[in-house]
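Let me give you the structure first, and then I'll get to my questions.
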Amino acid sequence: MIELENVAYGYGAKGDAPLLRDLSLTLAPGSFHFLTGPSGAGKTTFLKLCYGALKPTQGQLRLFGDDVAAMPRDGIALVRRRIGVVHQDCKFLDHLPVIDNIALPLTVSGQVMEDQQGNLDDLLTWVGLGARAHAFPPELSGGERQRAALARALILSPEVILADEPTGNVDWEMSQRLLHLLIALNGMGKTVMIATHDLMLIRAAKAQVQARVLRLSGGVLQAAGADL
Amino acid sequence: MNALSALRPDPGADRVVPPSGFTARLVVFTAAAMAFLAVFTLALALAAGRLAEEWDSALARSATLRISAPEEQMPEQTRTALTLLQQTPGVESARALRDEEQRALLEPWFGPDLPVADLPVPRLIEIEETRDGFDPDGLRLRLQAEVPGAVLDTHDRWRRPLIEAAGRLRLLGWVAIALIGAVTAAMVTLAARAALAANAQVIAVLRLVGATDAYIAGAFVRRFTLRTLTGAAVGTGLGALAVALLPSGGEAGGFLTDLRFAGWHWVLPVLFPPLAALVAWAATRSAARRVLSGLS
Amino acid sequence: MNALSALRPDPGADRVVPPSGFTARLVVFTAAAMAFLAVFTLALALAAGRLAEEWDSALARSATLRISAPEEQMPEQTRTALTLLQQTPGVESARALRDEEQRALLEPWFGPDLPVADLPVPRLIEIEETRDGFDPDGLRLRLQAEVPGAVLDTHDRWRRPLIEAAGRLRLLGWVAIALIGAVTAAMVTLAARAALAANAQVIAVLRLVGATDAYIAGAFVRRFTLRTLTGAAVGTGLGALAVALLPSGGEAGGFLTDLRFAGWHWVLPVLFPPLAALVAWAATRSAARRVLSGLS
Amino acid sequence: MIELENVAYGYGAKGDAPLLRDLSLTLAPGSFHFLTGPSGAGKTTFLKLCYGALKPTQGQLRLFGDDVAAMPRDGIALVRRRIGVVHQDCKFLDHLPVIDNIALPLTVSGQVMEDQQGNLDDLLTWVGLGARAHAFPPELSGGERQRAALARALILSPEVILADEPTGNVDWEMSQRLLHLLIALNGMGKTVMIATHDLMLIRAAKAQVQARVLRLSGGVLQAAGADL
């Protein structure tokens, strides 16, 4: 699905050493990964590489078999429909109600929302937003935004789910619930990668699913210590 | 996407771009105001053009030949002059004025009791030119030889400046219309780019959920094209109405007192809205492409 | 905050509002284009006004008295008429034309050899009016009684329509300037409101860190006022330059062939930029107040 | 400092029952409070009441002795300069570098940045943003944004500090460090209130400071259970 070979990435401005280097990893179909590391280590940057928002400055990155370096912009748009992303800052279209925001991937890929109504309702219930479906994004609480972002990431039934700190603003029970949803989706064959600081979440997940924990530190990717 | 498909609505894509109240109103208003100004300027330019043409044809196409000669030679010289004129290319018709006509012309100077017949007044011959006109210098030479007492007056020096001025006014009008068009195009482009820049975050969200550049650009382009079309149509309509309601100015003047469109000229303002929409389409499209390839 | 303080920079407040490239350019460009158009329209209106006045004073202030009488009564009647005219209020001067002058007037019709002295041609008296003019009907009545052979010709009916047309053109010009001014004000207002709406988030952040409404409004108002001032100054400068560079049209016409400003009229375009800035200031200020009290 | 008497608040649209009701609380100078509760319980709404962004629909709320109901908008602007707020969504001015964003409260209150340069540098070092001071907000990682928001809240040396989920996006070490900063400030007499889901953070704090833990649930404020 997603294959990195000696990938490096640096934000131009910094000049000298790249932020990330020597990244080699294959996200196999059906795998479950956690990505952790201190604030500013490059977790979000790593995920951005994985969904084609950034292109490696070195090395090779293949999404569904295609090299991103050679991919036209529209190609990346199409790839994004196969990867559901929960962004750390959860941006929405503030002029559309939550339900339309969640259905946005359907809209822009030309699918009719009505056909997916059942799917949409199920998702809203799962993330506990049934009652807030017709509110506008600025009227949501922090945790509600994160849950809406998760629902939006899942609406197209993507093959890969990349979640960046999906539980940073929700309480423990809700985070358990969202984790169960992701584990269930993984059980249906989806590839899942979660970037998080929440070590308790990782521990809880490892009790339920075969998950690999990766740690970004000093710009390189390592397997996490035995405590996780 | 071509210009026409920019008018076909796409309810999905149209909703994802925020309504952006004031930019919308700004574009509609700009298009309307500029169209209104353009219609008025057009009316002025057309009226000036009409005037220039009217004067030109009324004046330049008529000339007067004045024959002063001793009484006994008068009939002979008049006849020679008429024959010569009839043979001159560019002369439509030539006719000696009757005594009453001459008297009417002289009345302002001498009062109604002038005994024209008894006076050594010159004989006046009225010449109507064809479209192309005759060559006054050639005619003068020939007259000099055959009708020594004849003086050709082409009226030119009297009203030529007026005709020139009307022509200039018309030119000024067309330049102003071109200017208004260019200004409108620039304003729509800038408004479109401002709207795209203001919606950078919307564009980012759309990209993240997998929208293609064509989809995003389409939503903006459609909106701006439609708004410009609407605005220009309203402005043109109001402008045409205002022009049509202008007082005709009566018979007296004729000069710029009747700005109203005549005949097929009504077609010209009708062309404004589609032209404006086309300009807006092209401007927004290139703006959208530039902005979209600029935002990573 | 008053209009002048809107021009005093406040580096801190000016930085907190994002530069917003295209809205800025849009405002500067709009102000410049509208000022340019306004300068041209002003030049046209002033030229039309000058023309109307010139014609009006040249024509309406002169009249002709024509005396047709038997040869022997002529000197007597002429003298009576002149005396009478000198006593008429509104008549600046009156003078009988000399024979050569009458001959020059008649030349176009009769050729140069006319023996004016031997003809029963009427005597022409040229009347110059004062600024206020005389009462033509009253004068006609008195003439009827004392100089039976006199006919008063005030030239009115010949050129009145032309003067009227020039006056109309001037009126049209002023209406157009008012329209351009109103359109500019509306555009600046809409652009300001669009910018305020686009910056809703910036405003929210500023509020959260404790900025007062006056501070936030000031930053926007200052910016729009300055931009409008800059744009209008550039547009006015270019417009005035273009008008000054127009060909003078030579001596011949005088009618609209010389659009250049004359004398103190140069002051008028110089007023445009401050006026535009004042309009922008008022427009942005009310827009900012409305938006700020709307956003909670 | 901040006194609530039977305060209720409801977002108009919801119509029926208010979101929050019967809130009575006094934040005494030098006190340290935690606010917890499930996602969507109204923690952010409660904090917004406390810094005058929302006005109670019922009851009385006094900020520094003045009733907010009667306060003009400019009065609220002035009150905000005495209350440092870390917002959950940490919004910045994206066209200004981080350092200017942090100094923004100085700028809008007419103070000169240079005078506070030492203060500013200290703060930047404390929150670990010394190296990123001249980056622009969109170039920050999620955790860096939260830390910048905390620095901005502290720049005016406010008497009260309200922090909404200030550690949702930072790792455990960093969250401990930020907590120490807040505890130190509390030691200097500042009033602190932190809304958080992070029970571990609350436990860590209780070991170091005399903190009261409040729980929002079902729209009312309760003292938290003994486990905290």
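We call the chains A, B, C and D, going by the order they appear; numbering starts again at 1 in every chain.
Assume a contact is a pair of C-beta atoms (placed from the backbone, for glycine too) under 8 Å apart; a residue touches a chain by one contact, two chains touch by 3 or more.
Which protein is which chain? UniProt says A, D = Cell division transport system ATP-binding protein; B, C = Cell division transport system permease protein.
Quick caveat: nothing in here was measured; it's all calculated off a predicted structure.
Roughly how far is chain B from chain C, centre to centre by C-alpha average, rounded to an integer in Å?
Roughly 22 Å, centre to centre.
Could you work out how far the Cα centre of chain B sits from that of chain D, in whole Å?
68
Using mean C-alpha positions as chain centres, tell me how far chain A is from chain D in Å, no decimals.
Each chain's C-alpha centroid was found; their separation is 29 Å.
Please list all residues of chain C that touch 2 or more other chains.
Answer for chain C, listing residues that touch two or more other chains: there are none.
Among all residues of chain A, which ones touch two or more of the remaining chains?
Not one residue in chain A touches at least two other chains.
Which category does the touching pattern between chains fall into here: line, ring, star, complete, or other?
ring
What pairs of chains are touching here?
Result for touching pairs of chains: A-B, A-D, B-C, C-D.
Can you list the residues on chain A that touch chain B in the complex?
Touching chain B from chain A are residues 53, 73-74, 77-78, 80-81, 85, 87, 91-96, 100, 104-105, 107-110, 152, 156.
For chain A, which residues count as touching chain D in their complex?
It is residues 11, 13, 36-40, 42-44, 88-89, 132, 135, 139, 141-144, 147, 164-165, 168-174, 197, 199-200 of chain A that touch chain D.
Please give the residue numbers of chain C that touch chain D in the complex, ascending.
Against chain D, chain C makes touches at 12-13, 15-16, 18-19, 201-202, 204-215.
Applying the document's contact rule, which stretches of chain C touch chain B when the two form their complex?
Within the complex, chain C touches chain B at residues 20-23, 25-26, 29-30, 33, 36-37, 40, 44, 66, 68, 105-106, 108-111, 113-115, 119-122, 124, 151, 153, 160-162, 164-165, 168-169, 172, 176, 179-180, 183, 186-187, 190-191, 193-194, 197-198, 249, 252-257.
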